[in-house]
Amino acid sequence: MHIGMVGLGRMGGNMAERLRRGGHTVVGYDRDPSLSDVSGLQELVERLPAPRAVWVMLPAGEPTRQTVHSLGELLEPGDVVIDGGNSNYRDDQEHGARLAAKGIGFIDCGVSGGVWGLENGYALMVGGEEEHVRRLMPIFETLKPAGEYGFVHAGKVGAGHFVKMVHNGIEYGMMQAFAEGYELIAASGLVKDVPETFRSWKEGTVIRSWLLDLLVRALEDDPGLEGIRGYAQDSGEGRWTVQAAVDHAVPLPVITAALYARFASRQDDSPAMRVVAALRNQFGGHAVESAKGADSPGADVAPPAV
Amino acid sequence: MHIGMVGLGRMGGNMAERLRRGGHTVVGYDRDPSLSDVSGLQELVERLPAPRAVWVMLPAGEPTRQTVHSLGELLEPGDVVIDGGNSNYRDDQEHGARLAAKGIGFIDCGVSGGVWGLENGYALMVGGEEEHVRRLMPIFETLKPAGEYGFVHAGKVGAGHFVKMVHNGIEYGMMQAFAEGYELIAASGLVKDVPETFRSWKEGTVIRSWLLDLLVRALEDDPGLEGIRGYAQDSGEGRWTVQAAVDHAVPLPVITAALYARFASRQDDSPAMRVVAALRNQFGGHAVESAKGADSPGADVAPPAV
Amino acid sequence: MHIGMVGLGRMGGNMAERLRRGGHTVVGYDRDPSLSDVSGLQELVERLPAPRAVWVMLPAGEPTRQTVHSLGELLEPGDVVIDGGNSNYRDDQEHGARLAAKGIGFIDCGVSGGVWGLENGYALMVGGEEEHVRRLMPIFETLKPAGEYGFVHAGKVGAGHFVKMVHNGIEYGMMQAFAEGYELIAASGLVKDVPETFRSWKEGTVIRSWLLDLLVRALEDDPGLEGIRGYAQDSGEGRWTVQAAVDHAVPLPVITAALYARFASRQDDSPAMRVVAALRNQFGGHAVESAKGADSPGADVAPPAV
Amino acid sequence: MHIGMVGLGRMGGNMAERLRRGGHTVVGYDRDPSLSDVSGLQELVERLPAPRAVWVMLPAGEPTRQTVHSLGELLEPGDVVIDGGNSNYRDDQEHGARLAAKGIGFIDCGVSGGVWGLENGYALMVGGEEEHVRRLMPIFETLKPAGEYGFVHAGKVGAGHFVKMVHNGIEYGMMQAFAEGYELIAASGLVKDVPETFRSWKEGTVIRSWLLDLLVRALEDDPGLEGIRGYAQDSGEGRWTVQAAVDHAVPLPVITAALYARFASRQDDSPAMRVVAALRNQFGGHAVESAKGADSPGADVAPPAV
């Protein structure tokens, strides 16, 4: 079928390519003219046969919001917009309602797969009305991995990105679990070949997983991870997962701990730990000072009762 | 080769079977005479050609300790004992030293694979001296999964169980990550088919893993997990992981949170939370009492400042 | 000075009383006519001399929002509204901007002190413009505790409730710290008189605090806290603290853990822990079933490798 | 009464001084001859009238263990040893049993109070037999603060240090709660005077406490805590608290999080977070490389699905 693709960066470009290989006709638009088939959204809309389908593959937040709003002005009743970026599900609900008021459909589609998606397919988590999802199924069929998995119509508008958000929250927890295990093994000094240990876990263990495969690859490239700083960014989705948990009074100790570990990894010096250090100083500070003075205490000083 | 197997329960019995299928000669001993090839450890030792290898597959703690001690009395220099149970690595270090003093070798072998191991092989994590491990390689080759993974000689005595312990710690964190994601999705009310959502994740996602496969199976059997209580035991290994982390000053927020979630799941009523509730009562309690008295407050009562 | 007080429940009623004792003239309004000096907000406004000051002491959220909006319609330029409830600081920022557009001042005031406030004074944390805060100082002076502490003008509109929110977050962490200590002491079986132990901590220790005093009181009333369920509500402020932390990428492991402990305390059965239990069943389930069948394993069953 | 004091460092020296001021006769021994009244433990024992009491005030672990063992050789039935250091309660149980076999009493005494103890008294948490504790009461009465609080006979041998250990665990949680609140306030940018805000909390709030007083002092000395690194040591007691919790299956999320925050504060670079960063690289790494190549993507690159 025909589809417009807005945003031809790494993800959007690969998805357009996979769709073309699958026999679809893709009209692509990107701010970078060298990537773009059209001069702007208006021309993109004009080049598509009605009822139109336009896939938005842009950074979450303002870029996506502005594009969805613009498409709302340009499209006609019966058309459908798909947001394949990493939008917050509340944005989806707002976008869906705004477009629905004009008779335009809206689908939110969480996409997983990264750079492997072009060859292996993308896992798709979709929210929207049954009729819109059904109309787009040829597109989803081409994008998803071969086989019976990798696609779910999770619920109404917002459910797709909600489910993708939780997927990423789970991912945070799993990554941190491997990370903690690695650090403990390294710290123990008991294990002669850490990469080999992780490699051995690829079969027969309870923790075998794609993330383990990736970690083994990373350790093959750099056995002590010497070339990597212990500094981890977070995308919005881990944060939104925690905020959704707080909204629903669901305790998420593991996922939250994983998020906080990333926050802490980005601090050169923790203001909180300066407070802890300052309090410890207050307990014992004066004694320490007098210890340098005339009445030096003996060697058998009991440690401060902290 | 010839090997003695002590403990023919679910794990030991299956492992003996896999070894026999692989062409080894196994002499088995179990407290249950109907399972046992011999009347006791003494006969087991007599039936094996020197240098002997005896695999102990018993519950960690006293059962394993007593059996290793008894074997220390019965075996001869040059023999090797393998502890394939879930022993603490500190026990291994003690057992290894005790047997080494008599010229008897000791190998600790963490085993993963559960009931699937008989058919698919067991992941093996081994600690011990190079010469002992080399001697036992035919046994390990038969027990491990086909292919290049599933076996590691991790280090000296204790390293095998240490690595298995950390494997289980990682497993705790991963399980809890999936568990939290499930609860948040269920609580959101946004997802029309929760089992289908997890099923879709089996391909193309970052979190695809054997644990996800198991969770999908569990949800196929019981889509709302209605037949299962939210009550989770822990084996010793999660606890030992946390204790090793504390010993090494390694922060393990995710693995520890997963362990604590299990502890909390087994409490009908939390003494800690009784304290929190009691403190909240103290803030507002007397007012609440007087509120029932003569000067009843209006409907617009501000919530207690807690 | 003259002041209107909207909401004469436990908090508002006591604050009005403290203000009257301090020589101020309070016109009170409450939905309950038996408590109210006036028939409605309009009469309240009419009864106050310009420039007016109206203190809103209502539940956060809709009740406060509606009242602030209504006052915005009734008041005149130069008047000031004070929100003394537990509003979210973002609500304050919206209310402040909305009223400022009409020339009406807005102060947010976080209030601590509960039922002891009437006698001992209320700790006040204030946000707003310098000129508005200065105008209200006679009121704040009367409400606050005697002595040099208990009042801060923390910053612009929103800063007062923000600071009060963080105060409550800290309170969550402190309460949970005492709660955990209590549970560990009780579980140890080593301590013959738990209440006496906590009582002894009231002097000379690092943890002496008002919360400890309250806990000692609670244990004097009910030494084993037998009459209290381990079930703890949370007000919005703990949640907002966590959400603000996520917004600012500040790791709050302790405060968040305290909040999650409350969430968990309210669950009869945890969906997350049903997942963990279900996964554990999957590891060993089939074996357990076959264990009941013909090839029953021996007594020395190794524990499942979980 | 007469008492021997072993270890005349900051704590032991001050306690000896407070005892002398209280009318007791103290014979002190320290490795530093300039502080010592006697040449060694033997002379100390000879100088004391039977039945003797010897207070050991040394670092926990080997120094205390060796001294208790030596005293066990030198003392006579009916004498009593008091360990006032920060020993692990399991050490106490071993020491108590060893001395009891010789008819010598043993008391463990957790001491809180730091440098303020000389003037204000020390909070004492005591474990041991009733008869031994009763005999030492004149000493405890002098050391403890005036008033009705600050002393508890918590239980049998070990209970004193156990209770002190939990006290310190609670302290960790409380300190971290204040620390997190401080960081969030600082990060918000909403508060014009952070030290003044904490100072205002000293009256009328729920969180008023000695730790808050200390924090206010620290902020008066250094309002932005600029002179302090966010690097916090831990004494053994926080670790032992977590290990005791794991032994008793008691969830301690807050106290453990506080301990882990200290561990993390001492890491220049976290190996765990290197793993997280490495995994994030694996998701997007190859694309990033090709992005630098010929087919450079447009500006509207969707963020990696992490």
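Read from first to last, the chains carry the letters A, B, C and D; within each, the first residue is number 1.
Heads up, the rule we're going with is that a residue touches a chain if its C-beta (ideal position, glycine included) is under 8 Å from a C-beta of that chain, and two chains touch if they have at least 3 such contacts.
Nothing here was measured: the structure is a model prediction, and the numbers come from that model.
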Equivalent-chain rotation between subunit B and subunit A, CA atoms, steps of 5 degrees: 180
Most distant chain from subunit C, judged by the mean position of its C-alpha atoms: B
Centroid distance [mean C-alpha coordinates] between subunit D and subunit B, Å: 33
Whole-Å separation of chain centres (CA-atom averages), subunit A against subunit D: 41
For subunit B, residues that touch 2 or more chains besides their own: 112-114, 168, 171, 176, 178, 180, 183, 187, 206, 211, 249-253, 257, 260-261, 264, 272, 283, 305-306
Arrangement of touching chains [line / ring / star / complete / other]: complete
Touching residues on subunit A, where the partner in the complex is subunit D: 6-13, 30-32, 34-36, 57-60, 63, 84-86, 111-115, 168, 171, 175-176, 178-180, 182-183, 186-187, 211, 214-215, 217-219, 222, 225, 228-233, 235, 253, 261-262, 264-265, 267, 269-287, 291, 297-306
Contact footprint of subunit C on subunit A as seen in their complex: 206, 234, 239, 242-243, 246-247, 249-253, 256-257, 259-261, 263-264, 266, 272, 283, 305-306
Touching residues (chain side subunit B, partner subunit A) in the complex: 89, 112-114, 117, 120-125, 127, 144-145, 147, 149-152, 154-156, 158-159, 162-163, 166-174, 176-178, 180-181, 183-185, 187-188, 190-193, 196-197, 199-212, 241, 244-245, 248-255, 257-258, 260-261
